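Each of the next two complexes has chain A plus one more chain, namely chain B in the first and chain C in the second.
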Partner chain A sequence: MATPTVSKSILDSDNIRYDASARTRWRLGFDRVIGWLLPLLFVVAIAPILSLVYYISARAIPSLSWQVITSTSPYQTDAMGVPIIGTFELMLLATSIAVLLGLFGGIATAEFLSERTAGWVRMSANLLVGTPSVIVGYFGYFTFVIFFGWSLSLLAGTITLAFFMTPYVFRTADLAFTSVPSHIREAALGSGARPYQYILRVGTPIAFPQILTGIFLAMAIGVGETAPIVLTTAGGKIPPQTLFSPVSWMSSLIWQNFAQAPSTGLPTIAFQAAFLLLVVVVSLNVVVRIISSRYRRRLEGLYA
Partner chain B sequence: MSSPDPSTPEVREPLPASGPEETGSTPQSARSFLARIVPLVPALIPLGIMVAIVIALVAETGFTNFGIEFFSLHWDPVNNQWGIGVFLLGSLITAVPALIFSMLIGLGIAIASTTYLPRFLSQWLDPFVDLLAGIPSVVYGIWAFIIVAPYFGSQLEPWMVMNLHFIPGFGGPINTSGLGILISVFILTLMALPITTLLIRDALRSVPRDLWESGLALGATRWEVVRRVAIPHGRRGIFSAAFLGFGRAFGETVAVAMIIGTATVLPKNVYDIGNTMAAQMFELLDSAIGGTGSPQFLAAIAEMALVLLGISLIVNILGRRLISSLYTQQIQGL
Partner chain C sequence: MNEDRATSPPGAPVLSVRGLSVLAKQKKLLDNVSLDFAPSSLTAVIGPSGCGKTTFVRTLNRMVELTPGLRVKGEVQYVGQNIYGAGVNPVLVRRRIGMVFQRPTVFPMSVFENAAFGLRLIHESDDEVDKAVEEALERAGLWSEVKDELNRSALSLSGGQQQRLCIARALAVRPRVLLLDEPTSALDPAATQRVEATMQTLKREIVLVLVTHNVGQAARVSDRVAFLHSGHLIEVGETAEILERPRDPLTQEFITGRFS
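Showing the complex of A and B:
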């Protein structure tokens, strides 16, 4: 009967406090205070996002309607159709090229290069990601628009944007193929698979979800880029007819209209474009998150 | 077969590019050489793009030698003066404070998320910070220009002048639009924050559990373990966060071009308008498109681009070399 009382008295907070010196109390108290203060820093990161999303939606939604989004009259304050089509076409072309280049490059780097050479290639991909976007735009302008003489066109914008997006696809493809478990890789090769058989039938199914996240990520980054496109395309009033036609692009729309006088109604266009961009980018990011969480579960199953 | 242990990198033999040798068909040397080389070509794509960019920039300079004058503070195209000093300094005085703020906040958030917050909370909060990286810079720009700048100009900056005027550079006068250095630092802090937070978080997570728990078992508080064990252990990752965060803030173009005010002289205080290299390049190119500038004008832009690219590359190389794994992180924009 007496035992519970004894153990209770040992756990009693009074006993611990008896033990604690002033210094220990200070240490424990400091730890507790820091533990409450540091999480408050999340507010610094999250409050701006909420503010941004709220204000941009508040400025864009009242004037936005299905009719505004689909109307393809030469764009005025009430027609977003042309820039939406332009963005869609440019993204489609640029993504296809970036996927082609990035996928082949990533697979070749992961599977055929020695560690040493692959290190150089990976470093250059990382550096491309770190290159300021204005430099890529400048490169596109002087190489494609001036030197190749493509003028400010869909084609020049496509290739420039594709170059900008390629390293993102490349890095995920490389990582996806490198992280195929080596016992699976060796089992395939050991049972006589040719390199291309291994890549197509073993590597690709395992790496596919991660490659998909890389493609969506590249699209999310590409669709929001402004400098490379502003410097290589001109805003067209109609959807592009040929590869050399001018094309209008959502984020250039923001850049061109954000500082106009409110009476012209042009800042409203900028807000509508910003809102649509935000919707696209956030949903792409959510998709990436969903795929990668599923993928992680699948990979764990594979390791077991 | 045991599951791969992430701490000991396994040796991965590259695939034989030509496949297993076929016996029987004799004239193989030429074919197998081709078969060996062709699969390697796509791997050169990122390297090729990088080299192409550098070659194009160098070619565009026309090897014009501006001499030491190029770093002077006089940018005056009309009078043929091509000093980029104002823009170089402008990039530094916006990127460095932004980096310091985002490192401090990022460190705090990373410690909170790895050490103090319960798992389910940090799982919900971390994606918000990562989302900061996904928001396009032009969207940051319009938000800052129309929503934040008026608040800065009418509320925050008068308050700062009143209360902080004893610090040199904080004494005013202010411009009521709110555009300038201060708001650029604010936006750049936000844009660098996801990178620094993510890399520091990864660095702290990579501290072995043994170390963490031995510290706690010895009677250290969580804060003491973080300060004495986790941060020293993850210092490479933390330094790389600083370099890559700086690279992001230094090279940011469109958002800064929208809010910094494109001045061609040095700002007089923190509320004044200024300029950065990336923003100035973008403005110049955007207005020069269609027309043709003088050869010197074009050469000046190209050499400014080379300086910008050079600094970005150095910072990124330093940052990347500190990260040991293949690609430590897979976040947007990094």
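Showing the complex of A and C:
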């Protein structure tokens, strides 16, 4: 078969320029249209976010002071020291539980459970992610507040929030461990590592950045949640003293202000709380970006 | 033949590399390389790991641009047109200068659709595609093995068959140059032999540029050897000449296996 039998101009043309053929020119025009359309759609997509950020900042920043953020006086209605402390404590506890459960769950589904069982666990986690947060809140209310009799408390809030956050950590941990390249996994097991040794020494360092991303993502989602907390712990006037004291929470501060005066508009304090939450969520997302880009570079060689 | 076919004097180089440098952030991956590729020839590019052989072939069809952070200086002339010149479409460059990679890169489709991939992108008619696929598989030395199972998944082929299918896929759009980047490094000896036989037939028809770290392979299939070392083209010449009487001590050391 020394000489090709098919002869077709477009295949045999040695013209490598953009204006090689009418078809290339048409494609180039199409390319240009798309090139304009994409930035336009980008603007359409981010305009609502930008206007929201502006709407909140314009009402929050002028009156925002150190005193507003730090004052923990119990009956002050224009300071948010108490909800900030409450949010911090709740997040710390809930994140610890979510990380513990999510991480072990992810390792279990990725490494130890049968495909069948792992499939069920993954499906449950996905379901939990898709559950409206109000439902999670009701579940927490009936189970912990009423049935266990913990009343509106730090403990009830913590566990309910942990329920909400765990599947996010779980999903990234599961994905992180299953996406360790199989030749690396087999090399570790093939040099006589026990499964847990493989996980500790080889799997975790590789999966770590992705897991960390998941943890920060879960925190960013958790800190903005309102319903699970409003229903399980609310209205603490002072920072919680025990696990059974009520806690005040940043986003429920916004909600309560709205519930009390839906028609007169939100007071400045609600906008300030919203603004701080926005800052926290954006910072968490930035941290995620930094971590994942830094580690990705370090692990690049693995996938060659 | 049609009028678009570039006319050049017989024996004039199809590809001509002029003062080519590739710069990464802090390092020169290739330093001022100049080399011509005559029609119907097989040039083996050899050298130790990290010497820039892969970077070199990737500059020959602008694949290098897919790696962010690299800058290319100098010229690569394809039948008299600088492929880095203004107004040149890299897609059309890659149709004329095809590429096959280290590991077989078959797509999860049938054998037929894999071979037809490039043609489908150009919207050839079905008749045309049928003919071109058969021809490409024939040229890649795979036709007799797969002609009765064209609808089988390409993933079920053996590694060597997959690699020849990749060669067929590249050949189907009838390039004048085929770049082969260590095409047998993932294959067993029998499969390697088949691919080498395919290369030997093909080099009578088109320009082949073979990157290999295997001096034996260069000796078996190439007409000409170019030795690269840390981004420099150390020497180039007839295969027997370079492998038996290298002029440069670095080449000498490499082919006698003192470093790899």
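Quick note on the criterion: the second predicted complex is superposed on the first by the 252 of 304 C-alpha atoms of A that agree within 3 Å, B and C clash if a C-alpha of one lies under 4 Å from a C-alpha of the other, contacts with A are read in each partner's own complex, and residues count from 1 in each chain.
By our rule, a contact is a pair of C-beta atoms (placed from the backbone, for glycine too) under 8 Å apart; a residue touches a chain by one contact, two chains touch by 3 or more.
Everything numeric here is computed off the predicted structure, so don't read it as measured data.
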Original post:
Of chain B and chain C, which one contacts the greater number of residues in chain A?
Top reply: B
Original post:
Looking at the overlay, what does A:Ala22 touch: chain B (first), chain C (second), both, or neither?
Top reply: neither
Original post:
What is the contact status of A:Trp120 with respect to chain B (first) and chain C (second): first, second, both, or neither?
Top reply: first
Subject >> Complex contacts: residues of chain A adjacent to chain B >> reply: 27-28, 30-31, 34-35, 38-39, 41-42, 44-46, 48-49, 51-52, 55-56, 59, 101-102, 104-105, 107-109, 111-115, 117-118, 120-139, 141-143, 147, 152, 163, 166-167, 170-172, 174-175, 178, 181-183, 185, 189, 192, 194-196, 198, 213-214, 217, 220-221, 223-227, 230-231, 251, 254-255, 258-259, 267, 270-271, 274, 277-278, 281-282, 284-285, 288-289, 292, 303-304
**OP:** In the complex, go through chain A and note every residue touching chain C.
**Re:** 1-2, 4-20, 24
Subject >> Touching residues on chain B, where the partner in the complex is chain A >> reply: 1, 3-4, 10, 12, 14-17, 19-20, 39-47, 49-50, 52-53, 56-57, 60, 105, 108-109, 111-112, 115-117, 121, 125, 127-132, 134-143, 145-147, 190, 193-194, 197, 221-224, 244, 247-248, 250-254, 258, 278, 281-282, 285-286, 289-290, 301-302, 305, 308-309, 312-313, 315-317, 319-320, 326-327, 330, 332-334
Subject >> Contact set on chain C toward chain A in their complex >> reply: 1-2, 4-6, 78-79, 81, 83, 87-89, 92-93, 95-96, 122, 124, 128, 131-132, 135, 138-139, 173-174, 176, 204-205
